[in-house]
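To keep things simple, chains are lettered A, B, C and D as they appear, and every chain counts its residues starting from 1.
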């Protein structure tokens, strides 16, 4: 690729396109097609229209009155849990599916952890009449049976991945392997701001609707903007709306999948980033109760933001996360996803410790709803 | 009550207030409070605000392009599945919960079949800080475990009802019994356009937001307006927006719970309506795969519409309903509730038979999403 | 004045407290024996329940009694036929729910009751506001209306004014069912109803023992006793056993116990 | 010109087709015996895999071989130490993934390879566009770059121009793994790469038998054979067994079989 492309493919030292030669032309095609589409008002209007009349955008910004009162802050929730299919993943997927259609592809491939991205991809596949194949770790299949059945009901093929930790990392590896064999007719619909260029950039652009909407919904710039970070797409999309403001950006990782906080520089799934790994570079297994955060890497833009200090990354553990689901449910009548509850849990802790001072305004993205996690929570109950 | 009230409490010969004397003052209180509140712009603004910033209204009107093409009609879906908690039930519940708060009540009581109304009530209870007790038939508890867990997570007490058919009818009877003991501090948050006056009228008013929105979202009056009918609240709310138009109104009942189509005049749960019953007047058990339609009665306004011909009532069976869930999922990427799928199934059949002519425009209310039904569908798969 | 009310007034005026036992029709093969036993024990009026599938005002005992009767195949017809064959020394009142009354029409239903020898009718889910049609149909029968602790003064007056036979004062906010003690509301309610009518005022709901019966008639003209009897029958008590219970209450009402 | 490329060119120029077997380092206690057996069977270059936890370009056989090696405790260190102790008659090339290369820095990694006696390096997830840093660090080592059937003409030229030792032509769009026959794309790809370079061009991916090896060298200068061997080892084949397989392929390449 040209040096301009290499430049654009990087976030500081992170990012890039570390993929087998077989995938280079496919990545270049996606980059070219996306660049064109993103400059094409017809494409953007069509996407905006579908997001609105189909996916339920804009999602509301809900003042969490009772929890705010308890915490002594003003908490505003960006409600991606209300988006069609139940999470922010649909924003990205509808964008990529329209792009794939524009590129003449007949098929979508996706990896999924929590199943949210898989369900979203299966949904877009059904909507546009494209075959859909979703790779999912066997362990995640067990804990997210509802989403597996939703994908199949939507007509998608769900392929269990039995290698490695049998979670998101392995599903992603397997999806990449499969893409190599199917680049001609298939688009790899990657689910977060990760993977080889142009994915981290493209997915961020498709998710910036979260941040752009939120920005237009707040009456003043909030003091804090908080989102959970798995691959980092809901956080990247949220942050994108506030990068030029004084808001402090907080990305909340799972304690057992804290690539930014506990990882080191590495290359995984086609890009340079921060990764959980051993001294040789073998990738470590992440461990989180939230399957969508059960990933040892993180989007390159977040690795970059962490290094520049543009955003701060913090972690919370499973116990606090489960408590946060219950607390939000009982104070606001919202059962959020375990992933999203990481952001809530951090805020609860930070407000208690004074780290977030009394009176602060906090915008927090609820990336998804918790229906998919009921089985997990039931086991703990 | 005054003869004016008796008048208003009726829909033709249907409706009324056939409740024990102990509940009369409570019903009168609700009627008085609702009448005042509904004329109070402050109350209406507050409700509208909550529906918008909390519950995600307006819900979109989605053109179902692929299914339309297959059926030869123009199908528009009113997307109550995107409302917070996953069904239209939240519209009514937020209205009643605000009313209960205005009346100084500390507690909400509800019956639930599918669990949708129970979850919505538990949600409103959490949002407003009111204790919530939900009565649910043991049989429904078994088939809607996800919703049971959601209610408990939201802090509600779920009380299993083991009498009779152990479904919605019995939950409703038990809730009324309980209300008798608790009228002082508790509001009975009834889940559909049924029960004693003022409920059928009040719930219709709270649900008319569906029809009013849809009316403002269509570019022309549709030829058909279709909704499923359990108690009949999503249908009543939808129809309310189109009563003064040329649209044909179609209410779709479950074959095994077709009170309008297969029932006869009777009195159940405090109102006169059409009911499934034997020659003596013993109430028959309804049987539907959709727990929300598994009810032997129907809201009095529907009984009235049926008698005047203002709306037409039809039925579909379980097999067609399950097929409709799959068909909509695969063509539009929307997994709807089994209840809502009744409306879809009728349209599929009516378009095939020519009953709905080619080229017709059909507005169909998707009352809820299907997540709650995945266990039921999995068993059939 | 109809048979029932003539009788209840006469008893009341004689200084005797009325004892009104309730029996679910068709509950057992020998269910009418319970009526005889009750009459023998000193009942002044007998209430016969026509079981309904969804008895909204009944607690567990009468719910179960109704279910059992329906499961045994009891119908309006079978119960009325059974009653028509009896010759009882006191008036019989039917207690049932609106749907059974209106199913074949209030006219039909009231005629059937009259033909079977009933003198009155209680339909707890037909409040006074909805009672016009039924009152019109019930010629020759007394329609007993209910008041509850929640009923306003104005309504109490209206209900008492339109009730026939007696006024059924519901002692508490709740469903039928035995309770250990009567709530304070019971006496107050009876007194306040008596202040607006000269009909006999009977307390029901929760009267389940000689003690509660006696407490009830401090203000009221009598008591209605149902759940505790039906619970006994469900638990296997014979007509004789039930008669013994009622004899105890009779004695309490007559001031002879303790 | 580095050792590896001097060697591969000389073999190619001699008219001999190159046979390049692949062995996953640390796969078994006696894993280096497989290297000796391969050399004895007529290998011209040996590829040693440094196993990675997430081998994105590998099919099931090499995935399982990598997992097995890692499960046995194989590390970069242990494998390099093992190799450094050998004295092999042909050059040895390391094959691994980017994360192992860059973990402690490309400089460190290349130095370690050189110290252990390696002559070359293949990193399939470092495409030419991302190769600058590694090329700079790999002095004394040849960095073998890959072309695929999807690679454009312009890129083929660039890759061939920057590759060292040989050009690794990936015979098909897929992961490593034995196939019954080579696809047509293989020959076309080899020919088109040879048209833009005078480096030896070797075909890999799917070469698994004397027949596929022979088909490959109709156009290519040699073959890389991996999955089929690793599958044999996983199935329990001894170094001798693997040697026999390779002898068959050697014969096919030399035109001596059939």
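We take it that a residue touches a chain if its C-beta (ideal position, glycine included) is under 8 Å from a C-beta of that chain, and two chains touch if they have at least 3 such contacts.
These numbers were taken from a predicted model, which means no experiment stands behind them.
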Touching chain B and chain C alike are none
Maximum centroid distance from chain B, chain identifier (CA atoms):
D
Gap in Å, rounded to a whole number, between the CA centres of chain C and chain A:
67
Averaging C-alpha coordinates per chain, one finds the centres of chain C and chain D separated by a number of Å equal to 96
Centroid distance [mean C-alpha coordinates] between chain B and chain A, Å
35
Once you draw an edge for every pair of touching chains, what topology comes out, line, ring, star, complete or other?
line
Interchain pairs in contact, sorted by label:
A-B, A-D, B-C
Residue positions on chain C within touch of chain B in the complex are 52-59, 63, 67, 70, 75-77, 97-104, 124-130, 145-152, 155, 159, 170, 173-175
Going by the contact rule set out above, which residues of chain A touch chain B in the complex?
52-56, 59-63, 66, 79, 82-84, 86, 122-127, 129, 146, 149-150, 152-155, 325-326, 329-335, 370-371, 374, 377-378, 381
Could you please specify the touching residues of chain B with respect to chain C in the complex?
1, 6, 16-26, 163-164, 169-170, 173, 176-177, 180-184, 265-270, 272, 275, 277, 279-283
